[in-house]
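Two complexes follow with subunit A in common, the first pairing it with subunit B and the second with subunit C.
Take a look at the complex of A and B:
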């Protein structure tokens, strides 16, 4: 990182978006946007775990909270771009779609995918988050003070 | 001494076939599918994930189905499955301050930034059986209101500003991992928190309750309880930077506890911490109380000899899979062990009998 600018920020952002997409959604949007190119597996999809860490008191000593299942894979397109996916859950088809999109985002197809896949995933995630936050907000307590008689 | 005995294969096979039939129940009643369990028995799924120490709602729902609703058996299935998976790495510590909160309450401050958000809670329900649930019916949509999507600050943060509560300074020492190294005493706080996060809810609840009733009383207030989702970020070795791999739901409880102060430190509140997978608030509050009780030594408190202060007692008995494994093994064949005991008792009785006969003769 230099001068506060993280050159990996765009890739981090789309990889995170793909990982958080609902099951099957990224694959469906990809297939709606274009025919899938041929690719070679560098690492076929495999299922494992990641140990989730947290901090005591939210900010203090780090500790191991427990594991999550994770699917990962890596592939390469003809011509060289390499796509990676690490996504929570046991979702090999989703990992494949995420790695393909990650690779294609490094090619001249990036503009199409940004518009047809990533922007839509972003909008859908924002809507889902706002929906849940709206339900939470409706359960926010509005306190009022009862006036107690003094006589 | 263990002696292998063969036999019983057919009986075992037939027992398993009957188990499968009993699990299915009356074929005239629709079969539960895993998605129904995941969606409609979500709190059971959360408990299995928390104590199974593996966050995967689909697997937990499957385990509950296979275990016929026996949650400890389901947790056992999850723990066993986990051992078959390779570990890809560890996440960066999750930031619970950035949680998208479904619920966030404080018992210590009425008006606080972010507000009191009740969320989908059983609190304030009348605990009367709702017979409408026995009939099929549509559920009305939950009301919504405009929401502020900004991060909700931690309550302990306000107290920290005044110096009224102990700080929790960041420490990035790689934490010990009881799934890789056997749990040994003395256990530091990181190890205790890992053990408590996967500890049996009932055991943790009982211990926490004992501290409230006076066994190592530490007078806890729930400073904050929050439930919601946080992103999980992990360093990807092939890329050299961290990416988000998904989101998980967590329950976090921070207690605010009394502290007298000492010669070197002014009086200050102390803290207990609970963090558990899923919406699991009874467990998270219990964990925070037990965490606080176990901190007696570092806070310079007296050892009152209370169970909740005894790290060895707590941590070695909190795991329901270890406990059930040892407890339930005694129902398995111990024929040879028992034969030797039987022989011994007979021999002792014979000797005692001979002694009495001899005394009578004298």
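Take a look at the complex of A and C:
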């Protein structure tokens, strides 16, 4: 099954993007792109914790890194699309915006949102990552041996 | 749309409604035979409102649930999974069992706890067609003189009481009403 095309891959990628977006950014971009549609809560925003698991070096055995605070919610738009959101931190308003974007991405507004919200979030995340990587790279020290003690 | 159906029907105001529902269940258990109204949940059609509210209040990811008979359908499984996260299991490992009285038989399949841990027993959520304060006579802790409750039968509850301090606890639901029969209650 793992070799097949993951039907949920696009949705996974935008939900991941929204989960990692900085505070208030997704909401601001959504409001800039369109008026928020009316919706019904399936699960009002609630705060809890989830265990983060990790592997040392990406190959070791998995271990529990620690718990992280998560806000989640689910809502439905008129006509059926259901949006879910899991956001890191205690940010109910951001969870609402992320769930709205997730639901709207399943409607014919997807094109507008992709251009106005997701592509911008992606670009900002890439820029932040490059900035951080650049700062880290500036501190790199290259050790090399001038003379090897061979005779 | 089927997905919205299984995802809707949770508590609209979870903090207050689950507190009220918990109070109803606690009162029912503390005073066996008394009838309580419990509302707020809108489970799929095959479950009663009271059953839905009890599940939302008592079940979470640590409480395996056994669905017996007609209750074991995809809609109910999806609804419980989304709203409570409870895992599903067979009768021998469950902490909650859900179904009609006929579907839940035989009761010997369910855990009654151990001498060291009598609390490791199953709580049965029994859907009954109607619930009224008439029928079998109940006496025991939480009942001043005696109480009456329309039970599906009496033999099984007498046998269950004989196991005390082990045994099963029962919650009866019908529509939006609920009554309980803990293992400590004597049925005549």
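By our rule, the second predicted complex is superposed on the first by the 132 of 151 C-alpha atoms of A that agree within 3 Å, B and C clash if a C-alpha of one lies under 4 Å from a C-alpha of the other, contacts with A are read in each partner's own complex, and residues count from 1 in each chain.
The definition used in the following text is that a residue touches a chain if its C-beta (ideal position, glycine included) is under 8 Å from a C-beta of that chain, and two chains touch if they have at least 3 such contacts.
Bear in mind that the values here come from a model prediction, so they are computed numbers and not experimental data.
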Note = The answer to whether subunit B or subunit C touches more of subunit A is B
Ask   = Looking at the overlay, does A:46 come into contact with subunit B only (first), subunit C only (second), both, or neither?
value = both
Request  = Tell me which partner A:74 touches in the superposition: subunit B (first), subunit C (second), both or neither.
outcome  = both
Inquiry  = Tell me the contact category for A:88 with respect to subunit B and subunit C: first, second, both or neither.
reply    = first
Request  = Classify the contacts of A:135 with the two partner chains as first (subunit B alone), second (subunit C alone), both, or neither.
outcome  = first
Inquiry  = Looking at A:36 after the superposition, I want to know if it touches subunit B, subunit C, both of them or none. Which is it: first, second, both, neither?
reply    = neither
Remark   = Both partners, subunit B and subunit C, contact subunit A at residues 46, 74
Ask   = Which positions of subunit A touch subunit C when the two form their complex?
value = 40-44, 46, 74, 76, 80, 82
Remark   = In their shared complex, subunit B is touched by residues of subunit A numbered 6, 8, 11-12, 15-16, 19-20, 46-70, 72, 74, 84, 86-90, 129-141, 143
Ask   = Which part of subunit C faces subunit A closely enough to touch in the complex?
value = 1, 3-4, 7-8, 10, 12, 14, 82-83
Contacting residues of subunit B [partner subunit A, same complex] = 49-50, 53-56, 58-59, 82, 85-94, 96-97, 100-103, 110-111, 115-120, 142-149, 154, 156, 167-179, 189-191, 193-194, 197-198, 231-234, 236, 238-239, 241-248, 250, 252, 254, 271, 273, 275, 277, 291
